[in-house]
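As written, the chains take the letters A, B, C and D, and residue 1 is the first residue of each chain.
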Amino acid sequence: MDIGFIGLGNMGAAMALNALKAGHTVRVWNRSPDAAKPLAEHGARVVASPDEAFAGDAVFSMLADDAALRSVLLDSGLLERAPKGLVHVNMATISVAFCEELAGLHERHGVAYVAAPVLGRPDVAAAGKLNIVAAGADDAIARVQPIFDVIGQKTWRVGTAPQHASVFKLAANFMLASAIETTAEAASLMTGHGIDPHAFLDVITNTLFPGPVYQGYGRMIADNRYEPALFRARLGLKDVRLALAAGDAVNVALPVGSLVRDNLIDVLAQGDGDKDLAVLGKVAARRAGKKV
Amino acid sequence: MDIGFIGLGNMGAAMALNALKAGHTVRVWNRSPDAAKPLAEHGARVVASPDEAFAGDAVFSMLADDAALRSVLLDSGLLERAPKGLVHVNMATISVAFCEELAGLHERHGVAYVAAPVLGRPDVAAAGKLNIVAAGADDAIARVQPIFDVIGQKTWRVGTAPQHASVFKLAANFMLASAIETTAEAASLMTGHGIDPHAFLDVITNTLFPGPVYQGYGRMIADNRYEPALFRARLGLKDVRLALAAGDAVNVALPVGSLVRDNLIDVLAQGDGDKDLAVLGKVAARRAGKKV
Amino acid sequence: MDIGFIGLGNMGAAMALNALKAGHTVRVWNRSPDAAKPLAEHGARVVASPDEAFAGDAVFSMLADDAALRSVLLDSGLLERAPKGLVHVNMATISVAFCEELAGLHERHGVAYVAAPVLGRPDVAAAGKLNIVAAGADDAIARVQPIFDVIGQKTWRVGTAPQHASVFKLAANFMLASAIETTAEAASLMTGHGIDPHAFLDVITNTLFPGPVYQGYGRMIADNRYEPALFRARLGLKDVRLALAAGDAVNVALPVGSLVRDNLIDVLAQGDGDKDLAVLGKVAARRAGKKV
Amino acid sequence: MDIGFIGLGNMGAAMALNALKAGHTVRVWNRSPDAAKPLAEHGARVVASPDEAFAGDAVFSMLADDAALRSVLLDSGLLERAPKGLVHVNMATISVAFCEELAGLHERHGVAYVAAPVLGRPDVAAAGKLNIVAAGADDAIARVQPIFDVIGQKTWRVGTAPQHASVFKLAANFMLASAIETTAEAASLMTGHGIDPHAFLDVITNTLFPGPVYQGYGRMIADNRYEPALFRARLGLKDVRLALAAGDAVNVALPVGSLVRDNLIDVLAQGDGDKDLAVLGKVAARRAGKKV
């Protein structure tokens, strides 16, 4: 396929590279051009404007947040100039409201819009093992499936309304942050009783809670080490806020989400926003009077 | 081995039966004697008083709560009359404070005390697949290991202080109830956006959250069916309360636990205390304005 | 003075009327013109556009929310066309971020900006007894003080940064909503113990908590009557959201605010958003299993 | 009247002294006898055992908590030996469950039981200005009213079931702690925006929230000074716990109470349990990243 790729952060670059390696033609653009260089070495065509990326069979975007995407895509008039019939696949996590707005605007301008946020961190992206949660018109998804197949281990089709993919992703990250918070509290209870949290984690992850979340984040909490950050607390807070907003819009409260949000604000207030999301363990420990 | 077994509810009866099937001699006692009959058919010797169960190599107890155990063991003077050198294995979930008190009293009366609460519901107990979290003197645990081996798939040794096993068990159930609450909130978010929660659960349990907890309880929430109860909400609340008390005793708050406790009080106020713990999903749905 | 007045809801109309009664010249404008008629009978000059209100010595605005003010003032280009040296007094409760944005824009366009949100409901506004929380340039406030003196019982000067008045107002309404929530919970505790909440309120409002808040909202809770609404739950939620956002912007969590927000979302989900803010009492009662 | 008085802490001693000054005969007893000396100088008859205090027209008790009262009154057999027809007035804050238990036991032993917890701190007790919340048999309260009249400014009769007085007192202290928490959060919001919290308190206590609670505790928060303690955080936590237990017993959650409890556990974990209850302000400030 001939695709454009916009947004070459850790995640975006890894996905674009996998598309390249699979033999696809990839035109890449990034606001700061340095990020495109390593991809050029693998055959990517570095373009000078997002307009040049919005061409070919499809364009993929992986920008930081609502504001970045709005700036590149809407404020610049790019979407209005985009070729009719192009498929735009947005893989970033954005707000449900903005996703819905984008769906409408794309339809008006004759561009197919697929929302395809992913589950997985940069190492998983590099391995091509992401889980892709995709929503949009069936034929549009079908057209980009070859790319999904090389950047993800599985594509989860969750309907034709793009914003539903956003709801899925935000709910998943809300559950992730909540599981970390709960683990942090349990670890703090262990420490309070003079028990090594590693021993508790060993039991729990081999019985009730298998899988990478409790194991990976749990170890960081038990080790009381929150760097290097695989998923920064600041970004986790962003997603929890968006999940709360998605609930608020339809009169659904997420009380555990509210609590996690408040603890993540505490994280930022302590200057720990760039540590890993597991740093919720530090909040719990500090509130229990432990020196951390 | 020649063991006694006190407390023949769903869990206790299943464990006693597995001991019988493995060829051990089991003297059983239950407050209401009917519960002992099915075991008699499998060769159990039904005894008329708990004193007769406190004999042989070891005695196992699985009574409903602190009050029941206190009544049978302490108020009656049973512990004082128990043969020196006997091993008493308490498999029920009791408070950390009472567990610590019991450890001291057993020591004073020359009886070995092993706290061995289990992870798993009645169906798991029947299959002999429980996870046993055991704490107590090493030699005492070693002596009862043959019984553990037939009622559980694995014994997790968590130290010599019996109350540590209680902390483990309560923290595990706190995490369980918190995971259910979080799932309930996420499911409610899906419904609010017109998305079938089953679809979301399918993604989440095949990616971030494998394992039986999110699958089993998640399905009850998505189905909005909370009967038959495998783990009653009333008992879940009991354990969350004990986890909070265990934290309070060492100045550790469990904020998610407080929130879950308040929602479980709501469950009881609606008359749903005997439904499954997954009924937290009904609270979330009702608060989001859904008819349930 | 010769003033303009934009936004003639319950609050705005009452304030404009008091200015008229005190002999000031008042040009009034409202999106739906019917609201202006009763004021015309008291001598107001009804103008056909907000531009005509933005003239004379000063203009006062009391529009519903950020969006309404943005639409009338910014999207229309009105602020750019406003006469240099005019004082614009915004008495509505808006977000801290928007208030800060407005302060900057007014400065750029040579219009003095005074933020002057008020404490008090429509009946208090009608009586000219509002408490006005004013922030802005000292001379600008001094120029409009004669109007403040007839619409309020007291002007609280809280500095020269307009957004500080917004923080004050939002914090006050956050505290108001929190006090109502707490009263609702206490009343529910009374009912649960078979005690008439009126008796408890009688004690509490004559001892620890004198003043109109606990008395007025408390009586609605004890009576379980939430209509007519003096302060609608929907508007209370709006303010709590803005208070949370004001905190989030400076890394300050308001955990009680998060909890109140979640309960107000429950209110809206039940279709009670247009009932009085005291309807938090209904949430507490329903969650305690009472028929309400 | 001829009364006994048991428990001569700050509160009890002040009340006993006022009874003495009014000319009543007062036999006083305290576990550590030193506390009785200052009263002896004012004419109190110091007795050697609680039995000697349980005589005359009535006996008043003001012991620290459930355990202290249980020890002195029940474990010792004192209640069984008490003269029939005596009135026992318990002015301490105890749990609702224990109050109900005591009501039953007193009835069985022919002693009238009046629950009469008080609102007010030691300085208020010294001034004879307490608010007394009394529940019990009407004739029993009538008999001790002369004493209430000299130790309090007003007696609030709240029915004949003694435990109802306990519910009132605990709900009042729950509301007090919640108001402090809310004030702490609002003050933290001010600081975050560079606003002096004193200015905000000045507005709020002269408008929405008059009265001593917001003024007194608010000033401690704004000053960031939590000593000397007028109401120790440790005791506030005790009462919040009892309020939560009173709710739990009748399936009523107090979500704000749960949140306050968790913050007070944080207070104790930091070693601040003996500071004033207003120290909740320190928790809020610390969580917002302020050096405190």
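We take it that a contact is a pair of C-beta atoms (placed from the backbone, for glycine too) under 8 Å apart; a residue touches a chain by one contact, two chains touch by 3 or more.
Source: prediction; values computed, not measured.
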{"item": "Pair joined by more contacting C-beta pairs (A-B or A-D)", "value": "A-B"}
{"item": "Taking each chain's C-alpha mean as its centre, the one farthest from chain A", "value": "D"}
{"item": "Chain A and chain D, separation of their C-alpha mean positions in angstrom", "value": "52"}
{"item": "Gap in Å, rounded to a whole number, between the CA centres of chain C and chain A", "value": "38"}
{"item": "Chain A-chain B separation of Cα centroids, rounded to whole Å", "value": "38"}
{"item": "Per-residue multi-chain contacts in chain D, two or more chains", "value": "247, 251-255, 259, 263, 266, 269, 287-289"}
{"item": "Pairwise touch network: line, ring, star, complete, or other", "value": "complete"}
{"item": "Residues of chain C defined as touching chain D within the complex", "value": "96, 119, 131, 133, 154, 156, 158-159, 163-164, 167-168, 171-172, 174-176, 178-179, 181-183, 185-186, 188-193, 195, 199-200, 202-204, 206-213, 243, 246-247, 250-257, 259, 263, 287-289"}
{"item": "Residues of chain C defined as touching chain A within the complex", "value": "241, 247-248, 251-255, 258-259, 261-263, 265-266, 268-269"}
{"item": "Chain C contact footprint on chain B (complex, rising order)", "value": "266, 269-271, 287-289"}
